[in-house]
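Listed next: structures, encoded as C-alpha cells.
Both complexes shown next keep chain A, but they swap its partner, so chain B is in the first and chain C is in the second.
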Partner chain A sequence: MKIFFSLLFFTQLIFSELVLEITQGSEDPYSIALIEFSGSKKITNEINSIINTDLLRTGEFKIFRESQLLSIPTNEEDIKFEDFKLLGIDFIITGSLTNEDKFNISASYQVFNVQKEKKIRTSKIFGIPNKLRQLAHYISDGIYEEITGLKGVASTKLLYVTENINDDKIIFNLVVADSDGSNEQILLKSSEPIISPSWSPDSKKVAYVSFETGMAKVFIQTIATGKREMVLENSSQISSPSWSPNGKFLSLTLYQDGNAEIYILNLKNQNLTRLTNHYAIDTESSWSPNGSKIMFTSGRSGSPQLYEINLRKFSSKPKRITFEGNYNAKGSYLSSGEGIVFVHRSENNFQIALKYTNESFIRPLTNSKLDESPSISPNGNVIIYAITENGMSMLSGVTLSGAKFRLPARTGEVREPSWSGFLR
Partner chain B sequence: MINIKNVLNKNFFSPFVFLILLNSCSSMNVTEESVYDGGIQTVEASVKDNTSLNYETKAILANATVYFEFDSFKLSSKSIQTLRSAVTAMKENSSIKITISGHADERGTREYNLALGQRRAESVRDYLAVNGVSKSRVLVKSYGEERLIAEGSDESSHSKNRRAEIN
Partner chain C sequence: MQIKSDYLIASFISFLIHALIILYLMDFFYSEKKVRPILSNPINVNLLYKEDNKAISKIEIIEEKPSINSINTIENIISFSPKIESTNISKLIREDQLIKSSSEDHQVNQFSNMMIQLIQSAWIKPQNIQDGLVCNLRMVINKNGRIVAVDLIKSSGNIRFDNSAIKAISRVETFSFFNEIPFNLYQKNFKNIVITFNPL
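After this line comes the complex of A and B, so read on.
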C-alpha cells in the first residue's frame, strides 16, 4: 500500500512541471549545425537535447542535427566546410564531455564560423553530476553569446506561482524553475494566495505578497536558506513589492492613508518615504534600470494609466506616460531603458504591449484575451507573461525578434512569472 | 568536495577567465567557467486561523454583500438598501466587530484589483461610519481577484465577483 501511494506522489511531481512548446520562430534565423557531443551517450544525449531546445526557444536559430547534414566531422581538422556552405549553415557547434567521475563533470565546446572556415570560440565548463541541466544551459548561453553578441538567458531562472487542488484543498506554491520550465523547486507552500513575486537584483532573495496572516502582507525570503521576514510587521495591509536596482530599497503599496499609495522602504534602517499623495489608487511600482525613476499605475485620470516619477526631482508631479486606451497597468522598463512593457486593454481584451520611448504609439505583443503580469528577461530580449485559455492559465513568451513559445502546466494553474537576473 | 575553480567562479568575474583571455593570441574567444547553481530551501506558510463571528451576527450580516460596476467602488442605491440592515444590526449589537473584505473580478492586473477591492471595502466602511457605526469596529481588507466566487469569463460571473462582503 505504501509503495503504491509513493508511486502516485512521484508521478504527481513529474506532471506538475512545465512543458516547452515552440509555436513560432523568428523571421531571419541563424542556421547552425549542432554536432552530437562525444562522450558517454546517456549524458551527451541529454546535453544536446537541452542545448537544442534552449537555442530553438530564443527563436533566432534554425538548427541542423546530424541526420540533416551532408557530412559529419569526427574532429576539428576533419570539417568539410563546403558541405555546410551548401546547406546555408552559418556556424557549426562541436563539443565533448571532458571529464566524468562521481563528483565532477566537465564539457568543452567549440564554435566554427563556416564562411570564414575558422574556429571562433573554444570553451570549457566545469560542473557537477546532478547539475547537468545547468551545465547544458551554460553551454547554450555561450553559443548564443558568441553568435549574437548578446547575453543568453538559458541559465537564468523563473519564479512563479502555481495553484493546484489536492483532496479538495487548494494549494498555492511559489516555485523557482529553469528558464525552460524544468527543474521546478518549491520555495513556499501555502493554503492562502501568493501574488506579486519579485527577485532581488542579486537573485538571492525574493519578495512576494502572501495572504497567510489573513490579509496581504509582503515577505522577503532568502532562497538558499528559506529564511523569511515579514516587511513592516506592525503595519496593516501591504502589497506590490519592487526592488531598487541596487537592492537597498523596496518600493511598496500601503493602504493606511485611506487609499493605495506608494512608499519606499530603506531595507537597512527601515525608514519609509512616501512617494505618492493622491486620493486615487497608486500601485504596481517598478524601478528604472539606473534607479532614477519609478513607474507606477494610477487611477488619477479616471482609469488605470502608467505614470513616472523622477526620484531625483522628488517634489515634481508624476508624469503620465500612457495615453492610448483606457487601461494601462503593471509597467516595467526594458533593461536598455529604451521603452516599457505593460498590460494594455484593447476593446475587451487584456494584452501585453510594448512602447518605445521614442515612439508615440503602442505595439501589442500578444493577442489573446486575458494576458497579464509580463516580466522581461535580463537581456531584455524575451518577455514572459501569464495567459488564460479555456479557463486554464499558463505561461507564454515572446521574443523581441518575433518568436513565440509556451510553457503549459500539465496540472493546475501557473501565473505571475518573474524573471531572475543573470546568474553566470 | 569543493573544487578550487568552483570557489573562484562563484563571483561574477573569475581571475581564471581573465588570464586565459589575456594570454590568447588568436582572435578566437577562449573561456572557462564553473556552473554555479545554489540550493533552494522549501518553506511552508503558517496560515492563521481567523476568528469568526458568533452565530447570530453571522446570520444577520451574511446577506449584506454588495456589488459594484467594473473599475468602480461607488455604492449603488441597491447596495445602500442592502447595507441598511447591516447598520441596524451593528447598532443593536454595539459590541460586535466586523471585517469587510473587498473583491474584484479577474480582469486586469492583480495588484490594481487588490487596491480596487480595498476601495470597495472602504466604501462600505465609510457608509457605515456616516450612519453611526464607529470605524474602530470595522476592519477592512482586500482579496483583489484572489477569491473568486464565480469561475466563468462572462459578464454574469464577473459581476458576481465585484463585491464587498461582511464577515
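After this line comes the complex of A and C, so read on.
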C-alpha cells in the first residue's frame, strides 16, 4: 500500500497584495501627525504606508496625514508647534531614509511632544533594501513604545495553519507571517491535517502535531533552518502541545487510553508524565508565565470549564477557575500573569473573553458569532483569534483598549493563530 | 550518662528534621507570591523645573460626585462667631486664629474639589483594566494655574492605567480658577500636589 504525502521543507515565499481592515479604534487615542519620511520616492512610499497601517492597527492612534495639517515642517527648526496645538495633536513624527550604499538603508526618525514643544526621541536604525517591510515595522514599534510606554509588536510574527482545496485535494499549510499577515512563508505543506502550532519561548522554533503518515506525530521545527525533529508519536490522537516558559517541557493532550488527558513531555529525555486523571476530557493545556501553573479545559463538571493545576505545590488538585456560563475553553495566561483570555459561550455566540484573577466576573472582548483559538501578543495588549464569517475563516485581532482589526484570508481557511514572542 | 544525653540530642534533631519534611510535604511552607510585574517602563515625564517638595498636599480622586453642599458650609462657618462676653485678649486671638484656619481648610477643600471635578471630567478610564488599580501622580502648578510638570511617583503596575491618568492631567492643562486662590494659600498647598487615581 502506498501512502501519499507531500512535504516541502524549504521555506517558500508567497507574494500577494495585503488587505488590512481596521474595524474599530480605541476610545481614547493619541493624536499624532505623521510627516512623510523624506528620501528617494521609490522606498519612502512603501515605508510610509507600512508605518501608517502598523500604527493604525494598534488602535492607539488617530493619525493626521500631511493633507490634514496646517503646516508641514521640512526640518526640525521649522516646526510650528502652534499649528499642531490648534489641531489638538499630541505628537509629531518625522523621519528620513538614506541609501548608505547598495546593501544598506538607514532610517532616522524623531518624535516630538507638541505640548512640551520638544523632541523626545531620535533613533537611527539600519536595514537592507529587500527587507524594507521589516525596517518599517521596527520604526513603528519605536514610535509606539515612545508614546505608549508598551513595547510594540509590529515586528513580531504569527504562526497559523491554512487549508486550501487544490484539484479536489485538501492541502494543509503551516505558515509563518509578519504580524500584519504579510510576508507569508510556508514551513510545511501536507495533505494530512496539521494542528496546534505553537512557538517556543525564544521564538526560534515551533511545535505542532502532524498526521502526515496516518499517525499523530509531534514535531519541533527550527524556523531559520527548516530542520525538524519528531519528539513524540502515537497511534491514537495527540493535540495542543504547549511549551513551558523555560522551553524544557511540552505539555500536551494524549488519548492513550481512549480518554483525553494532559501529559508533560520532558524534551531532554522524552519522558512522559501524566498530569491529570479523570474520566472526563482534559485538554488544551497552557503554562502560566512563571511556569508554576498549567491551565486546561476539562469537562469534569459536566460542561467545558477552565481548571488550573499548581505544579509547585505537592499533591495539588485541579482548581476550577471559570464559573460563568456553560462553556469556557482554550484559555491562555496574560503575560503579566494577572488574568486569562479564553473562549466563552454566551447564548449561542462563541466570543473571546478576559478574566482577571482578582475579579469574579468576565469581560467579553468580542461580539461576533464564532471566535476561536485566541493567542496573546508578547506585550499582552493584543489578542489574535480566528473568526468564521459566511463560512469563511480568517484572522482577527482585538486590543484590550477595544480596538479591532482583521487580516482577511487571501485563499482558503485560516486557523489556530499563535503569536510569537519579541524577536530581538 | 554522657552517651545517653547524646542520644537524646540526636533523636531531638532527627525529630525536628522529620517534622520539617512532613510539614513541607503538607505544603505548610507554600505560599503564593503575589507579584505584579510591570511589562515595561512607564512613560518618563520630565519635570521642567523642580520645586522643593515640602508642601505637598494630597488629593484623592474617587469616581463619585463631589459634595455639592460646599456653599452651605460657607454659611456654617460664617455663622460661627466668637463669644464677645469674654474679655480675655489672648483667648480672642486664639479664636480668631481658629476661624482663620478653619476657613483656610475650607478654602483648600473647596479648591481641591474643583480640581478633582476638572480632572475627573478629563479622565477616560481605559477599558478592560482590572479593578483595584491605584496610581499616584505629582503635579507642579504655577500661580496662573498652569500645570508645568507631571510626574508618575507610584505606578499602578498597569501601564495603560498610568497613561490614562497622565493623559487626563495633560488634557486639563490649566486650572482657570487659580487666580482666585490667595497667594499664601497657593504657596502652602497648591504649588505641589500629589493626586491619587483610585477608581471605585
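Couple of notes before you dig in:
One rule holds in what follows: the second predicted complex is superposed on the first by the 396 of 424 C-alpha atoms of A that agree within 3 Å, B and C clash if a C-alpha of one lies under 4 Å from a C-alpha of the other, contacts with A are read in each partner's own complex, and residues count from 1 in each chain.
Keep this in mind: contacts are C-beta pairs under 8 Å (C-beta built on N, C-alpha and C of every residue); 3 or more make two chains touch, one makes a residue touch a chain.
Just so you know, these numbers come straight off a predicted model, no measurement behind them.
A count of residues in chain A touched by chain B and by chain C gives the higher number to B.
In the overlay built on the shared chain, the residue A:Tyr356 is in contact with chain C alone; chain B does not reach it. Shared-chain residue A:Gly380: touches chain C; no touch with chain B. By the touch criterion defined above, A:Leu400 lies against chain C but remains apart from chain B after alignment on the C-alpha atoms of chain A. In the overlay built on the shared chain, the residue A:Gln115 is in contact with chain C alone; chain B does not reach it. When the two structures are aligned on the shared chain, A:Tyr138 is found in touch with chain B, with no touch to chain C. Legend: residue contacts after superposition of the two complexes on their common chain; A:Val343 is shown touching chain B, with no touch to chain C.
Annotation: chain A has no residue touching chain B in one complex and chain C in the other.
Of all residues in chain A, only 103-104, 118-128, 131, 134-135, 138, 142, 146, 176, 185-196, 204, 209-216, 221, 223-226, 228, 236-237, 239-240, 253, 255, 258-260, 281, 283-284, 297, 299, 303-304, 327, 329-330, 343, 345, 350, 369-370, 372-373, 388, 391, 416, 423-424 touch chain B in the complex they form.
Interface residues of chain A, counted against chain C in their complex, comprise 27-28, 115-116, 145, 148-151, 312-315, 335-339, 354, 356, 358-359, 363, 365, 379-381, 400-402. Listed in rising order, the residues of chain C touching chain A in the complex are 24-27, 30, 35-37, 39-43, 46, 48, 124, 126-132, 157, 159-160, 162-164, 167, 170, 173.
Across the complex, chain A is touched by residues 1, 3, 5-6, 9, 12, 27-48, 50, 71, 106-112, 114-116, 118-119, 122, 141-144, 146-147, 151, 153 of chain B.
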